[in-house]
Structures are given as C-alpha cells and as structure tokens.
Amino acid sequence: MYGLGIAKGMIVTFKHLFRKPFTVQYPEEVVPRGSRFRGYEFTWYEDRCTGCASCAKYCPLGTINIVTHPEGDPKQGMDYAIDIFDIDTGRCMFCGLCVEACPYEAIQAGGPLDDATYDFESLYRDKHKLTEMAQEHLHGHDFTYPNGKQAPQPDEKPLHIGLPVERDRTR
Amino acid sequence: MLADYGYIGIYLLLATLIPVSMLLIPWALSFVGVKPHNPTPVKLETYESGMRTIGGSWIRFNFRYYYFALLFVIFDVEVVFLFPWAVYLDKLKLFGLIEMGIFILILMVGYAYAWRKKALEWS
Amino acid sequence: MDWFYELWPKLGEAFRGWLESALPDSIEGWVIYLVLGLLSMLVIVNLPIVGVMAMIYMERRLLGRFQNRLGPNRVGPFGILQPVADAIKIMTKEDIVPNGVDRIVFNIAPIVMLTPILLMFAVIPYGGDTFLTNLNVGILFIVAITAVDTIAIFMAGWSSNNKYALFGAMRAVAQLVSYEIPLLIAILGVVVITGTMNLNEIVAHQSSLPLILFQPLGFVIFFVAISAELNRSPFDLLEADSEIIAGFHTEYSGMKFGMFQLAEFAALMGYSAVIATLYLSGWEGPGLPGYLWLFVKVFFIFGIFVWTRATLPRLRIDQVMALAWKFLLPLSFLNVAITAVEVVVWENGLPEWLIPVNIVIGAGLVAIMHRGLNFQGQTRQVVPSGPERLAAINRPVGGGTE
Amino acid sequence: MTTQLDVEKLSKQIQQQFPDAVQDAQGDYILLKSDYLADVARYCHDTPALALHFLSSVTGVDYIDYFELVYHLVSFEHNHSIVLKTRAYGREDPHVPSLTGIWQGATLQEREVYDLMGIRFTGHPYLKRIFLWDTFQGHPHRKDFTGA
Amino acid sequence: MVKTNGDAKLTLKTEEVMVNIGPQHPSTHGVFRMRVTFDGEVVTELEPIFGYLHRGSEKLAEERTYTQVITLTDRLDYLASMSNNLAYVLAAEKLAGIQPPERAMYIRVIMAELMRIASHCMGLGFFINDLGALATPLMYMFREREKILDLFELVCGARITFSYMRIGGVSGDLPEEFMPALVKFINEMPGYIDEYEALLRENEILISRTKDIAILTAEKAINASVTGPMLRASGVPWDLRKSDPYEVYDRFDFDIPVGSTGDTYDRFLVRLEEMRESVLIVKQAMEQIPSGPFRALAPALIHPPVGEAYAHVEAPKGELGFYLVSDNSIAPYRCKIRAPSFINLTVLRDLIIGWKLADLVVIFGSFDINMGEVDR
C-alpha cells in the first residue's frame, strides 16, 4: 500500500519524541572518560624521568624538547639531570606515542577536557609548568597516576612551582 | 462591507510600516555603533561555494519552469469562475451542477490534452 | 471562568471609557473609534511577530526531541528566551549587500514578502466577535494576498545575482504557482458545502461538526498543497540546503534574512489558522475562549508540520511538479465534483452517515490516482537473507567476560 | 584467498606474444619494457584465462635513476592477482603509455602520478594536475623535490 | 526570445549556467569541488576538482619511522581510522615479516568491524541528509556512532585519531570494562538498525528519489576500479574479507550483501545490510577471542629488509591498500596509499551527467567519500 513506508517512518520519529535525550548538557554533566583517555594535558613526573629522550625520539611531530647533562658520581653510576623538558602542546596531536615510548612511565596522558587557554604561549609547557601540573594532578587524584597506579608517597616537599620563564620562540 | 475594506486599507499601511521599520531599526543601530560595518572585497563577493563566479546569473534560463507558469494562468482564471458558482450552488441546484459539469469537462479536455502532449512532464 | 471570557471585551470597554473621559468632548466619536481600531490593528499586526517567536522555539524544541536531543535550553528557563536572543542577534548583525546585486529590488523584496503575510491576519476570526474585518470573500482574500509572496521570492532570487538564488527563484516560479491551483480547488470544496467565503460564517457552519469529517480528501489536498506553498519539508525545494545552499535568500544577511524567516513562519502560523478555520471549526470549542482554542489548534497543526519535517526527505522538482499536476489537481477536481453532487442531493445539510462514506471515497481515489505519478514504492532485497539469518544476527551475546 | 599468479609462467606466456616485452620476472612481479606496457596490459585484460579486469592501483616510485610504475591487477573471476612494473627513465620528461584505454580506473590515478611524480602518460585524455594547482612548480613526490 | 533558425523552426534559446558546487557547500562532504554546467536543472557537464585538503601524507610518511606513520593513517579517512590503521599495519607487518599474536588479530577485527558500523552510520546519515531529511536519521546514527567511539575511547583513549594498532599487534590490551560495554552495545545495535530500516527503507519519497537513479553497471564498476559498497551494489560479490581474507576473517560466518541493479537505492541498502553483517562478525569474534599476548615482540624501530609489500583491507569505503617500499632504513622509502574514496570518484562524472541538480547531491552522497582520503 502506498504511503505505508512514510507512515512507518513517522511512527519511528514519533516514538523518539518520548525517549530520553541522548545528548549530554556539557558543563553540568560530563561524560565519564576511560582510564586511557589521551587528554589535552600531559603529566610528567620529574622524579621518574631519567632523561633518556625516548619520548622525544618517538614523537612524530617533534614537540618534545629535552636537554640533559650527565651528573653524579661516576662510581655510583651516572645520572642525567634534566635541563630542559618542554612540550609544545599547541603542536601536539595527542597520539600517545611518547607515553608508550617511556620505559619509566614518567610521561602520562590524561587530564581535563576544559584546558582552553587564551594564547599560544601558555600551550608551551616547560618542566616547571609540567611538574606543577603533575603535582596538581597527584594532589587532586589521591596520589594516583593517570594510568591508575599509585604514586609512591604523598611527599611533604613543597611543589615545584617555577616562575614563568621567558621563552624564545625562535628556538 | 466597505468599512471592512477601509480597515484593510489602514491595516495595509500598518503592515507595510512594520517591515519598513524592521529594515530601518538595524540601519539606525549602525549609527549607535551596535552593528558592525566593515566590508571587504572578499566579503562582498557573490557567494558561490567560496569560488569566484563564472559568468553572470542573469541569463536566459531554461524555459521548462515557465510552462507551468503558463498552465497556472489558464487554471487560475477558471478557478475564479468556480468560486461564485460554489457560493450559490445551493440556490442553482441541479442546473448549476450540470452547467459547471460541462464547464469542468471542457477544462478537463484541455488538461488531458496538455497531459497527452507531455506538457506536465519535466524532461 | 466567566471573567476569562469577558477579559478582553471588558478591557476594551474600560479603555474606551477612559478614552471618552480623558478626551475633551469637542473631539468627535470617530477619533475614539479610530484609536481603538488602530490599537486592535497593532495587536493583530504584532500577533504573528510574537507568535513566530513561540513557533520558532517550539519547532526547535520539537525537532530536538524528534531527533533524540534536547534543543535550545540555555537562554532563560528551558531556553524560552532563545528566540529573543536570536532576534537581537539578527538585528545587530552586519548587513552585507554583495556587489552586483540589483540594490532596489534586493532591498524591497523582504518588505514585499512580509507585508502580505501580515495582511493575512486581518481576516482570520479569532473568536465569535474577535476579528478585525469580516470580509465576505475572506478565504479568497487570504489566498490572493499571499500569492504575492511568489513575486517577492522571485524578486529576492533574481536580484541577488547568485546562481543558487536563481535556482531557488526559478523553482519558486514553478512550484508555488503550481500548488496554488489544487489549493484553491480544495478550498472550493469547503465553499460548496458552506455556501460562503466569509470565514466567520464558515466557522459558524462548523459549530456542530468540523468540516474535516465531510472533506477528508479536501483536507489532505489542502495540507499537502499548503506544505508546498509554505515550502515546508518535503517540498522545501526553494531553500533546499543540501542542494542550493539557502535558495532564494542565499545572499541575504542580518535583518533582511530575518524578515524572510519571519515571513515564512508567520505564513505558517497564518495558514495553520486557516486550516483550523476551514476544517477544524476554527475558534469553536468547549471550555476555553475562542482565541485560545484557535491557538491550540494552530499549534497542533504546526506540530504536525514539524513532525513531517523531522521525518521526510525532500522530493525532486519534477516529482513535486508531477504531484501537483498529475495527482492533486485531478483529485481536487474530483473532490469538488463529489462534494457538489452531495450538496445538491442533500439540500438541507449533509447527513452524518456521509462521513465514513466520504473517507472511503477519499482513500479510494488516492489509491487510484497515485498510479499516474510513477512513484516507485517497491523496496528491494540486497542479500538473500531470511528470518533465520536475522535471528542469527539478532541473537544476544552473553557474558562480558572472556 | 587471492592467489598470486605464477610469475615465470605468465612471463613465458607474455613472451610468446611479445618477444622482448619482459625485462625481468622475479619475486612476484613482472617488469615490462614501457613500450610494450599497453599491449601486455591489453593482453592481460582480454585473455580469458587471465581476465585481469580490475586495476587495483597505479603507483609511481622514484628510484633516482629511474621511475618505477607499479600496477596491481586483480581478476575477480579467477581470484588471482599479478603485479606489473615498468620503468620510465630520465628526470626531464619520463613517460610511459597510458592505460586509460583499457581501464577507466586508471584516469584519476595516472593524473595523480603525473601530478606528484611528474611522469607523463602518453595517450591520457586529460592529463592535468589533480591535487596541486596548475601553476605549481615541481613534483613533490620526487626524491629530489626541495620545495616549491 | 524567439529566434528563427535556418530550418525555419521556432526555438527558445536558453543558456547554460556554470556553477561551482563546493568547496564551501553543505553537501560536498568536505572540501570537494565540482564545476557543474546546468541546462535548467539538468547537469550537462561536470568536472571534479580535488586538492583542497591535500597534505602530502605519502611524502610525510617517507620522513617518519614505521611506527610514526600510524598517526598519519588516522587522518586519511577520519571516519574510519581503525581500518586505516589496520591496512597500514598489515602492510608493514608483511614487509617486516612480523606475525601478530592471535588475540591481537581478533581485537583488530572487532575494531575494524565496529569502525565499519560507525562509518556506514555516517555515510548513510549524510546520504539521507543530502536527500533533505533535516538530519533526523543522521542524529540517530550519530547516536550509535558515539557509542562506538565511547568503546574506542575505552580501548585507546581517543575518539577520532585512534593510533591504536601497532606493527605486531595493538597498543594496549582490551581493558576489563570494555567487554561488558561491547556486549551491551552489540546486543542493542540490531534494534537500532531495525529502527533505521523502519524509518528509511520503505519510505516512498526515498525510494522514488533513489531507485533507478545513476545506475552503475558491474562491467563499468570493475573497469573503473570501483570498490567497496559501490561495487557490491552493482552486483559484484567482491569483498576482500571473503575473497582475500586477512587477519581471521576466514573463521567467521557472514554474508556479503550484493545489490542487483547498481542504482543509488542499492548502494543505500548494501550499506544498511553491511552494518548487520558487521554486527554478526563482532558477535562471533567476541565469542572466539582467545587470551594471550596482544602484541608480538617487535623492535621499537623496525628495519624491514629491502623489498616491497602491498596489503589491502576492506575498509568501509572500499579497498584500502598500502604499498610500502623499504630500503632497510627506519622509514619507508615509498608509501603509496590506494584510497578507495579517491578511486571511486572515477565514475562520478559518468554517473551524474544527465541527472538533475537534486540528484547530483544524492548520487554524490551515495559514493560516501571522505575528503581526508581523497586528497590525502
């Protein structure tokens, strides 16, 4: 019978009139994110980082800038001290390869959805800023890393809050 | 009855005034500085999916559309005849019915002819 | 509830009394008459503008619910101030007039579009004695005056010097003009039964039974034709967004664009009122004052328009034309013929047992006439699948562990 | 499972038809002389036993000394596939015959190779840049491309 | 304008009008551009113009390690990133001779089939949108796509650019909350497909707009290298999952929906039915999936031997192939992408000419192309 198909379709849409909306009203409700969520923020833990620069090598876009120098007593095994550890999250595409590359889980993906900034400069995060964000994350999440593991101890040390560093864009 | 048309006349003035004022209010707003006005050459280009237009659009367009306009004129005139008949059908009774039947029949012959000649197709 | 009925007349009387006492005696009575008339005109001319805001809100919310989302809900409680925000935004938007348009026609077109639509509200009866004018050719007046919109659309499309607008304008010429005829002839069925073109009398004629019962076929034709006239889905070819961007108003921005939208929705409101008046016994109804009944009916009909818009895809121009000329036109003539015969046979009003007969006749005629359209209604199978296969696909997987 | 055609057998078959067409046949591909490309392709397309009606992809590879054109052919009827290769020499005007006459599917792909690799397909009906604009200088997929 | 011709016939002279459809057009699915000549409403000439989204992915791949190229493949057909990942990873594994563990193959199949459902949801939704149905079916289909993206987010943490698959496996095992969520979704999905079918399949307007429109014959489709649902709608039962099974597709029981005429309606129906078959495959894969490692032991920087490899998968849009040439370095020497959307457009001009403006967008919509893949 002609017109039956249209009638069927009309019934389908009519049924939807009484269904609960699928959409979520964002600022009030937030969809729960999975534990592997590769968010708009990287947390980097200076105490775990050995300065091996695996992450920088893995990054397809080269957004990670890392400079180290050897340090410590040669008899006890040399360490690397990290001079510069910058992530230009403005260029980052959040592929998560650096997270996978890190053998010590020092850099981890995760973080909030609402991470808008007013200028590009603040998307460039140096090691002070990254540490600050990492500490903030730890304090806010019961000393759990974004990948779900427990941080060693809530340390009593004051947070590494660095002063804003003038940055040369040409570098 | 005539007073009704007078009302319509006054109402027409009002109904014209409102759209005109709707155009004028934004125009006035632009003096207050609420409404921006910064034309650029690209902004003032004719929109054609973001590309420069090729050729003008005031052209002799395919006349297929006008067939229907012509047919419309024919039928519209007939319908005007039908309305007074419809109002007085209860007084004209069978006579009116038969007469209008003949009238519509003639119309239908023309309609069938147009259909036959594929004037109603959109080729 | 009595005060409710009396509210507006009482208010009017009070205002009139205040005016009489306030004005010096030297001023003639006709001034009061004029002032009152102008005031009621102002009310009526603003009615579509305010109503359109309500309708836009309703359409967006309803569409949202049809589409399993919420719709506007941010501005004001439940988002009811959204149309107001939209109105303010559209007023303060930059008004871009592109190079190469025919400036005069381009600027006049929105006015030509909106004025007839506003005029239409002058003759609609809002209640037993609530109307601006009582024209004896009321329904004809409405159809005639709104037909001017075709010209406005063509003006807008042609003057824009834009090819998409040109397509829209050309389609307008073909489509709007074609659907005028089934529309008029469908109205003829009502006129034959009621014997008048006066809308008040048409409503009075339906005090016992709404005319949709005696004119089911006429109602369907009218509804389809009016969807096309108001270019509502599935006939929204003039502004088919997926094909010709925005059709005839592609180049319009700011308030001019807003006026096209306003006119479109106001026409929708007006014609919903006309449908209610012609077929659903207008303002008649138990319990509520007339104008409220009319608004209830208007919004009900509008809801159906939104529903179809939410469901149906768009037709193609040749199919739209075929629908008008090969389906609706003969059908509407048949409808008038059958109605005329019925009216002549039963001189003292149509008997009630004609209602099911008319519905059966209408359905039968639709079933016969649609063959002329060459519309294809047959579905097709693409995979040799049967109920077993579907059962295999639909079988639930249990567990959740590995 | 799509089977690889036996390269040796096929190359012998081709050599019977076109004696010096095959330059090399090893691994899973047949390297043809570019002059014979169109003929061999036509042969592969028309021979019922081969019935390679489907041209899957056309690829250009820049080996600095020469350009290699790789054609992946598939037969839906027999569910087998073969890779044809040919070489275009010279960096100024490398060219190979176009296969658009045999497979319509080659039109856009050959245009792409022409645009990005700069290999001219003789006999292509509409050989024009496809991704880049007409005034673009150079061919970006060449190994020596340094930027426009 | 009446003009007398040589043969004394009165004809009305009309002009043809040339219009740009795209790149800024609601129904060109991105930044595609067609320069179309109309006579009235009828298309008389059409020239597709590409390149507005050209990013040089193939060239970029030559400067990245094999693992880093995975992130490039995400951006090809961004509605079906998993399938792109899969195709590239297969090619790289073939090149380097790495065999992924069985569990990884099952995970990949599940991901690819979910991706197919999501991609077809978008393809059909926008196709109906081009028909003018004011986004209602699109919204319903978005709903299901969102659910699939939620699943993907559980697995890999991203919603569009997954970068989930790795050479030799996948980047992470299925998290424990994944399987219950998948069970819930996959049991609901057939009901949703039934809903789409009730809404669309028998709709007379849709049928009259699509049936017998733009018929693509089987011979022409094969000759023009058309693949995917378009090819199958033309009546060619060619699906790489059946005819050249990769991963573990040969272990599943599923059908290949094949159309009979090759018109727009068939292309629509084939996609609708393919969603059903994908549901079936996912269900079987869920029941069969073994436990074990999810990733083969492969070096971080692989140096494949000198050689070349071509691997193809049945992506939602058609045969997606990667042709990799290795020179034993850490980056591919040449990475060619056989993009189905791009090659399917070969027949665009032939199919559209002679139809009307309204058909143009519908036929184009039935191609279901993705500009990220067309321009690469």
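Per-chain residue numbering starts at 1, and chain names A, B, C, D and E are given in the order in which the chains are listed.
Operating definition for what follows: a residue touches a chain if its C-beta (ideal position, glycine included) is under 8 Å from a C-beta of that chain, and two chains touch if they have at least 3 such contacts.
The structure presented is a predicted model; accordingly, all values stated were derived computationally and were not measured.
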Contact distance in steps, from chain C to chain D: 2
Count how many hops through touching chains it takes, at the least, to reach chain C starting from chain B. 1
If you average the C-alpha positions per chain, which one ends up nearest the average over all of them? E
Chain centres from averaged Cα atoms put chain A and chain E apart, in whole Å, by 31
Centre-to-centre distance between chain D and chain A (centres being mean Cα positions), rounded to whole Å: 46
Centroid distance [mean C-alpha coordinates] between chain B and chain A, Å: 60
Mean-CA-position distance for chain E and chain D (Å): 25
Two or more other chains are touched by the chain C residues 66-69, 163-164, 166, 170, 245, 310-312, 317-318, 375, 377, 379
Touching two or more other chains - residues of chain E: 17, 19, 25, 40-41, 136, 140, 143, 199, 201-207
Two or more other chains in contact with one residue: find those residues in chain A. 2-3, 5-6, 9, 12-13, 16, 22
Can you list every touching chain pair? A-C, A-E, B-C, B-E, C-E, D-E
Under the definition above, what is the set of chain E residues touching chain A in their complex? 64, 67-68, 70-72, 74, 136, 140, 143, 146, 150, 153-158, 161, 163, 171-172, 175, 177, 195, 198-207, 300
Help me check something: in the complex, which residues belonging to chain E touch chain D? 50-51, 54, 56, 58-59, 220, 222-226, 236, 238, 243-245, 308, 310, 312, 319, 321, 323, 325, 333-334, 336, 338, 342-343, 345-347, 375-376
Along chain C, where are the residues that touch chain E in the complex? 63, 66-69, 163-164, 166-167, 170, 233-234, 236-237, 240-245, 309-319, 375-385, 389-390, 392-402
Parts of chain D lying in touch with chain E, wherever the complex brings them together: 1-2, 53-57, 59, 61-62, 70, 72, 76, 79, 83, 103-109, 112, 116, 130-133, 140-141
Residues of chain A defined as touching chain C within the complex: 1-3, 5-6, 9-10, 12-14, 16-17, 19, 21-23, 25
